[in-house]
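Heads up, the next two complexes both have chain A, just with different partners, chain B and then chain C.
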Partner chain A sequence: MNQPTSALKTSQESINGVTIVMPEGRLDFGAASEFQAVLEAALGSTPKPRGLIVDCSGLAYVSSAGLRSFLVGARSAKSAGAVFLVCSLSPSVREVFTVSGFSRLIEDFPDRTAALAKVG
Partner chain B sequence: MITLAEELTLLAIEDDGAIAYTAGQVGFGMSLTAACLVELNSRGRIDADLAAVHILSREPTGDPMLDLVLSSLTGAAEQSVEQWVLQLSPQVPELVRLTLGALVSRGILALRETRFLWVMKERRYPVIEGKERKEAKLRILETLLGEDLPTPHDTVLVGLARAGGLLEGFLSTAEIHRLETRIGEVGGIDLIVRGAEAAIREDQAARARAVMLPMY
Partner chain C sequence: MLGVCKTVPGVVSELWGLNEYLQEFWVTQALPPAAVFPFELALEEVFMNVVMHGTTEHLIPEVAVGLDCQGGEVTLRMEDTGPAFNPDDAPPPDLDTPLEDRRIGGLGIHLLREMMDDFTYVHEDGRNKLRLSKRITLTDD
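On to the complex of A and B.
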């Protein structure tokens, strides 16, 4: 039996009014609500970010529950008037995004520079 | 609050209380199984990825339907959502019975037994409180007609309603065709729904292969 893991660390930085959240590790059921809370807190910070980029270069795994937390984060960003983008997906995470069709709803970029350029 | 499986079942109940023919189809049963997996996921009993369903906790939820599925999963070797949905097919009649029973006990449906041709027993489930069914339909319509990002719940509801052939109950073929892109976009995001869709396709392919087998 697999116990819920919370093997996800997050860090963030702000560049020109754009918040970049960097999850590192596994985004599974055990980590999903915490990750969601991090995204919500980033969107609620003052001053409000123009955009929220999730830099997934350190993200090794996304489960069904983890994928839902991305969707909730993207919805919150839209409500807050912020652009929501993801970048630097690892091959395994990209596969999840592609198979689920998530990439059709949320734009992803090869790297942070490209994502920042999109926010403008 | 009603469960996802209950919402799907309500969509299969016709205005006169009859169960739509779609509920007898394989897709509906597999959607119901997938709905249980989604609920178990949201209650922290399982998690899923592209490869397998992972058991996180064996603690019963208190919902007989979910616990029936959970008990089937525990102790077995890990396998994909698609394989589980296929393997749990024999439990579908019991899952439907439990869901209908739950809806009757909540006062959302009534149970009426009549005789067909004086002999055959026929059950109908007239809707007493139509609020939940109307809300489920409205949520699906709002999700499909809007341009907003859907909630996780709405993506699953749309995806499983499509997989279970339930959209046909309140949308015309032309409307479904017109909304096809949006249905595909929002209805397939969830990995468990994707697995259920794959299971339905596999089942249909297996049936087609069986029909096509040469008789000599």
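On to the complex of A and C.
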């Protein structure tokens, strides 16, 4: 089968010391470790971000493997002293966050503006 | 197995093709696109469990996938020839446990139990047999 090298693209930007990572596509087992590396690289960059927001508006799909990369990112952020938030989850992705219990560990916001306001 | 059926070896690269097969079924049945999500999830979680925990040096399990849609209820059947894996034995996920210590399959199975209407497992004829079904709302969402 012709599986694309990765079904997930990521881009990022920085606003007032807050890094925003935007995954686009499918965060499945094949994309999870790469996505985790993107989050950890963003947290380890200089200067250190005050916060990391994952803007999920382009995220069509996430599995348990993908969820784990969020969890690792959230833990790395905590030890780096940065706020870790997610925003703009589609109804299906939000359901996965809720059912897995991750929504108790990672705060989510309806949009980027609300998430940025939370970081302050 | 009833309904449309596809059989593949339990190797990672086959998942992409199984997903295409699901997507084609969804389009053929004219089901609402957003409702495919839990079925995509089921394919990945169950298939990857077989690949990760059912494959040995001497055995690559065979995985059969069947799809059926009756009266607005979609049923996904997945059968494999790997070692018996009873999802009822998978503990509920413990988010405080370090990732390395996490028991096999807990989180994915938990998601499927919650997101599907029906989740049935039997082991017979040397095969793990899972049947997952969910009623689909046939309106745009």
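What we mean here is this: the second predicted complex is superposed on the first by the 115 of 120 C-alpha atoms of A that agree within 3 Å, B and C clash if a C-alpha of one lies under 4 Å from a C-alpha of the other, contacts with A are read in each partner's own complex, and residues count from 1 in each chain.
Going forward, a contact is a pair of C-beta atoms (placed from the backbone, for glycine too) under 8 Å apart; a residue touches a chain by one contact, two chains touch by 3 or more.
Note that the coordinates shown come from a computational prediction; the quantities given were computed from them, not determined experimentally.
When both complexes are overlaid on chain A, the residue A:Pro91 reaches chain C alone and has no touch with chain B. Of the two partner chains, chain B is the only one that A:Lys78 touches; chain C does not reach it.
Once the two complexes are laid over each other on the shared chain, residue contacts for A:Ala65 go to chain B and to chain C alike. After overlaying the two complexes on the shared chain, residue contacts for A:Gly120 are found with neither chain B nor chain C. Of the two partner chains placed around the shared chain by superposition, chain B and chain C are both touched by A:Val99. When both complexes are overlaid on chain A, the residue A:Pro47 reaches neither chain B nor chain C. The intersection of chain A residues touching chain B with those touching chain C, taken from the two complexes, comprises 1-3, 28-30, 61, 63-65, 67-68, 71-72, 95-96, 99-102, 104-105. Residues of chain A touching chain C in their complex: 1-3, 28-30, 61, 63-65, 67-68, 71-72, 91-92, 95-96, 99-102, 104-105.
Residues 12-17, 20, 34, 37-38, 40-41, 44-45, 48, 93, 95, 99, 107-108, 110-111, 114-115, 141 of chain C are the ones touching chain A in the complex.
Against chain A, the residues of chain B that register as touching in their complex are 41-42, 44, 47-50, 54-58, 74, 148-152, 155, 184-186, 188-192, 194. Residues 1-4, 28-30, 61-65, 67-68, 71-72, 74-75, 78, 95-96, 99-102, 104-106 of chain A are the ones touching chain B in the complex.
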